[in-house]
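Since the structure comes first, as structure tokens, the remarks are kept for the end.
Letters A, B, C and D mark the chains in the order given here, with residues in each chain numbered from 1 onward.
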Amino acid sequence: MNTIGKSLRLTIFGSSHGEGVGCVLDGVPPGLPITVEEIQKEVDLRRPAEGIGTPRHEEDMVQVLSGSKDGLATGGAITLFIANKDRDSSKYLKFRDMPRPGHADYTAVQKYGDSHDIRGGGQFSGRLTAPIVAAGAVARKLLTEHGVTIGAYTESVGRVIDAKPRTLQEIVSFGRTNDVRAAAMDTAELMRQEILDAKAEGDSVGGTVRCVVEGLPVGVGEPFFDTVEGELAKMMFAIPAVKGIEFGAGFRAVGMRGSECNDPFIVVDGRLRTSKNDAGGVLGGITNGMPVEFRVAFKPTASISKPQRTVDLREMSERELMIEGRHDPCIVPRAVSVVEAAAALVLADLMVRGGFID
Amino acid sequence: MNTIGKSLRLTIFGSSHGEGVGCVLDGVPPGLPITVEEIQKEVDLRRPAEGIGTPRHEEDMVQVLSGSKDGLATGGAITLFIANKDRDSSKYLKFRDMPRPGHADYTAVQKYGDSHDIRGGGQFSGRLTAPIVAAGAVARKLLTEHGVTIGAYTESVGRVIDAKPRTLQEIVSFGRTNDVRAAAMDTAELMRQEILDAKAEGDSVGGTVRCVVEGLPVGVGEPFFDTVEGELAKMMFAIPAVKGIEFGAGFRAVGMRGSECNDPFIVVDGRLRTSKNDAGGVLGGITNGMPVEFRVAFKPTASISKPQRTVDLREMSERELMIEGRHDPCIVPRAVSVVEAAAALVLADLMVRGGFID
Amino acid sequence: MNTIGKSLRLTIFGSSHGEGVGCVLDGVPPGLPITVEEIQKEVDLRRPAEGIGTPRHEEDMVQVLSGSKDGLATGGAITLFIANKDRDSSKYLKFRDMPRPGHADYTAVQKYGDSHDIRGGGQFSGRLTAPIVAAGAVARKLLTEHGVTIGAYTESVGRVIDAKPRTLQEIVSFGRTNDVRAAAMDTAELMRQEILDAKAEGDSVGGTVRCVVEGLPVGVGEPFFDTVEGELAKMMFAIPAVKGIEFGAGFRAVGMRGSECNDPFIVVDGRLRTSKNDAGGVLGGITNGMPVEFRVAFKPTASISKPQRTVDLREMSERELMIEGRHDPCIVPRAVSVVEAAAALVLADLMVRGGFID
Amino acid sequence: MNTIGKSLRLTIFGSSHGEGVGCVLDGVPPGLPITVEEIQKEVDLRRPAEGIGTPRHEEDMVQVLSGSKDGLATGGAITLFIANKDRDSSKYLKFRDMPRPGHADYTAVQKYGDSHDIRGGGQFSGRLTAPIVAAGAVARKLLTEHGVTIGAYTESVGRVIDAKPRTLQEIVSFGRTNDVRAAAMDTAELMRQEILDAKAEGDSVGGTVRCVVEGLPVGVGEPFFDTVEGELAKMMFAIPAVKGIEFGAGFRAVGMRGSECNDPFIVVDGRLRTSKNDAGGVLGGITNGMPVEFRVAFKPTASISKPQRTVDLREMSERELMIEGRHDPCIVPRAVSVVEAAAALVLADLMVRGGFID
């Protein structure tokens, strides 16, 4: 379904080459101050950067269709809409019969039949993440009002890895100023080059986004199934191209001993803390007051201009496929905003559910 | 909440040292043949093995309280109950004030207050995975009747890694015959030793479980949010000690080029397949007919007998903590059954939702 | 929440005097043929009739923002939007302090505080039934394709009662041709006069809507809680002014003996039927193949021009209130379309859930 | 589905002649004091009375399988179980082929096939209301702790009607002391006689239950769909034999003018009240601080000993059916407890959702 969340509930709609994309966000507490400019600012960060992004030019102008009056949430459902402008659908029709490797073309047509709108990927398009970012801006505002800050950044692109775990301070101050959304200047340049290299070869690269959330109270998350990790993970896998997620030490924890991995409890300024954070801020599925930290793996963009092998479904014969269209050689920089927004939506929902936000 | 699933809906209940643990599984199609013996067999596989498992001795006898008649599901909710027998609660009370590092003690008491049943971890206990395995046996049977087979195995324990991705055939034939649940004899022995080494040091080790699912039709999974990956991930993070999950190439995909990572479509015996499976059987959140493959990371068991640093919450002063109790030095072998059951529940739910099972 | 339904899920949004009202309908099977004209036709039936309806003039032009391509549902969420045009908000602001009797003014302001958009009732406005009718047109189309027909009509207005239970044939052929939505010509005229009488006195009248659904297969409805009656009832009480619902013999059944009330099973043309239908087509919460029949009670419109007693909330002193604005002296004729649409949405959802519609 | 509620979520299970019936109640705040004796007391009130009830003798002993420790809710799911003892299934098997008029036999077998447990009605049995009453006792306790009191009583049985709307004081003081659950002594005797008359004729009678809830704060209920009326109605229609529900003036409102029906706002002791309560305590789907009042219509018990017409489904030929078994000639007295419990569950859920209960 196109709906996620229990107390703060998001429904997204639209398709890549239809009228537009949008969302309905239900459960926003009345009185939350939120302007279209604040939403627009976040949506703009998701737009492709010159040179390293897709040449498709969308203004992505957000319209507020409901739920706000005089800059305050009314308590009714908030509806946001982003019209599609730059639609060039001509190159997509052949993918119905010759599905693009790594794309949803084949599974979508199998599931939805001829009615699937294959243009631009239809409802499977990465363009559906625009309304997630827009709704996320509202959730983020709600979190900010309750002392919670979220920051994500491009931790790696292809072989370029920012090995130093960045602090929220670094992320917030630097991560929004460069077009690869890196948290450090040196890696930003290397990552940009890695993307341009792939682009020059008609190829694409993947990467990781690391996200840090500070200010969450102890006790957010619901056992047994609606854990902080589980809810974040489910949301993250909705972002196209995500193939993995880990919290805290994550896969590294596998090789540790318990005596190494357990975070000792200590007292700092009279408050309980842990001396390190391999748990990623979550114990038993519930926040422990330390920063929530996780890392999301993105595969390389599926659309590349290099020739690929596919099958002509009408004749069930193998073919070589050339994809024209307009695509991002690396989706990771644009995905940073999406990860932040997605995290904001999940955590705001859990905070409302847990009674931390009325 | 203690409920997961939409069309096949699981609710679990109970605690480690209360009357017992159990579950209600709603939405099982009437007429499914399922006996208590089939369920018991799966639950038995989750029991601790001699030597490498906890000395707590639970018979884990499954009772069917509702939903079955003459070996067939009636269409009503199926209720399964497993009484607790071997309860030694004496050693747990101090954890209310001196939370165990890496455990839910602290977060649970913060969230639930004095009413939290701290004995054995209460409702946060790994014992709650017993009813997941029991319910999973029903889901597995439903899948089997529709041609779907699930197999998981211990892929790594601490530093011992089974580097060869095992086939479902290997997993099914060997994985249930050894007490570490490895898929190959040589690694089984090494893993067993790794666990005994940690145990000897009063420590614990983590590991990974790899899971392979074959026979799923094309089209299982619901965009945008209820993807196969997202639903599986949410469920897996409910299993205590899970810190990461990846599908197909997962985190490895990050360093690939698109031309490497995309799985080319080919024709095999007149059917569409891919020539490799870095997508892990899922495109756009929907099964593509290839095996669904994923890997789950487990941190080392939090309970160790080595002394650890914690805080006495009454005095807010740092202390050294000695945990007595009875614990598994490595949870991974027992978690294999849980991963299989959890996967079965999610996939059966998605198949019912998608109309693949009436 | 603004969402209802499980497999066919409706989310409504908007407010009386904001940008407009709309909805997202998720779960519509791909390939369903549905045009904006078909939707518009139903929405037009909800518009106020000359003379007996409110003088507020809204074109209620439906826009399809997503989910349809070339007249077919794509399988993605369908978004429908109806802009507000004729907004005269000047007369509403005082209701924040002086709530209108019988209205949601008081409860809305208590629940949502100053952020509640009181203009036209905000998100509590009857105008929110416009997107229900629009979405209902899609659900109705889905039902029609599966042989299900829904017809509702004005059974009573104030003291004028159409005592003869009308057949679906009568409802469908006559009920859409007269502006009170009666199913017989003589009562139509009397009802019109009853409304005009109330209007002349600056007052309003209530009435009942009776609804008949034919063509439903046996087995629609889910025990124990998601019964046909329960799901329909929940939806109907969302329609402003509804105060009661009964199925089949309803409240009349109270005075019957079991031998009278039970519908005997008979065989007609080789199929099982009942010789009468006091059960209203539902046994044990599940359709039995007879027509589903129910009756909904509407109270008189709360907004009247006669002076009424209210309280000035700032001073907590009693006052006389004069309501200007523009209102329907009887909401029942317009509610007929809403009841039909609401029934269509519920029954289509239950049919999809039950596997009767893929 | 067998689950209802969002924040306080009830799942029921079991069947009339299986192991027993029970429920899982999830979302109960930790620390709520609740003993098995308090639950048992409510369940006992649902048991059949000597003379006017079914001769089936069930002890209905409640077991608490999870969620409570030392008389306090732990925050985990509460599981209650009631074993079946007095099972005489011999007389039910023929109903598979010869469905009882007015019963779910036909629809259940059509929906669930041969696997439906027809003994005693299986999962459609009125016996499933026992766990609703048990869970309702917990919800009632939660409401009591927040100042909310619920009382229901038998308002009519067949032709005997208690025309005077009883106050909560009358209901609570007298309604639990007589076996027909009437709120006045004279009507109690007449109702008892009406039931005995029907029984003497081998027939049954219906009736109404009226329910009054006091102490609810202003603002309970969620627009647009999760209204107080809609949520209560959905729950009530899950109770077998319910055919109608109305709030406040209900169907009587139909014949009123708006000036009559609107409840004027007044000030009493400095608080806003209405001078009468035709709205039944709900405006715009949300409580307005006045008592919530509603009336539920029960049809006569479907099982009667008089011969009835049915159809032999194997031969599709009409037959005369004699029902032996053991049945209540009037279900209404026993349903009073069920209506109270069902109301408690719905209102507690809405109060938790609305943040009135943490």
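To be clear about the criterion, a contact is a pair of C-beta atoms (placed from the backbone, for glycine too) under 8 Å apart; a residue touches a chain by one contact, two chains touch by 3 or more.
A quick note: this is a predicted structure, and the numbers were derived from the prediction, not measured.
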| item | value |
| --- | --- |
| Chains touching both chain C and chain D, listed by label | A, B |
| Chain whose average C-alpha position is farthest from chain D's own | A |
| Interchain centroid distance [CA atoms averaged], chain A/chain C, Å | 39 |
| Centre distance in Å when chain A and chain D are each reduced to the mean of their C-alpha atoms | 46 |
| Chain A-chain B separation of Cα centroids, rounded to whole Å | 26 |
| Junction residues of chain C, two or more chains touched | 1-3, 12, 111, 123 |
| Partner chain C, residues of chain B touching it in the complex | 6-7, 353, 355, 358 |
| Interface residues, chain C side, partner chain D - complex | 1-4, 12, 99, 101-104, 106-108, 110-111, 123-124, 128, 156, 158-159, 198, 201, 203-208, 218-219, 221-227, 229-231, 233-238, 240, 242-251, 253-267, 270, 272, 274-275, 278-280, 283-288, 297-304, 306, 308-311, 313, 316-318, 354 |
| Residue ranges of chain B in contact with chain D within the complex | 1-3, 9, 11-15, 18-22, 24, 26-27, 30-31, 64-67, 69, 72-79, 81, 111-117, 122-123 |
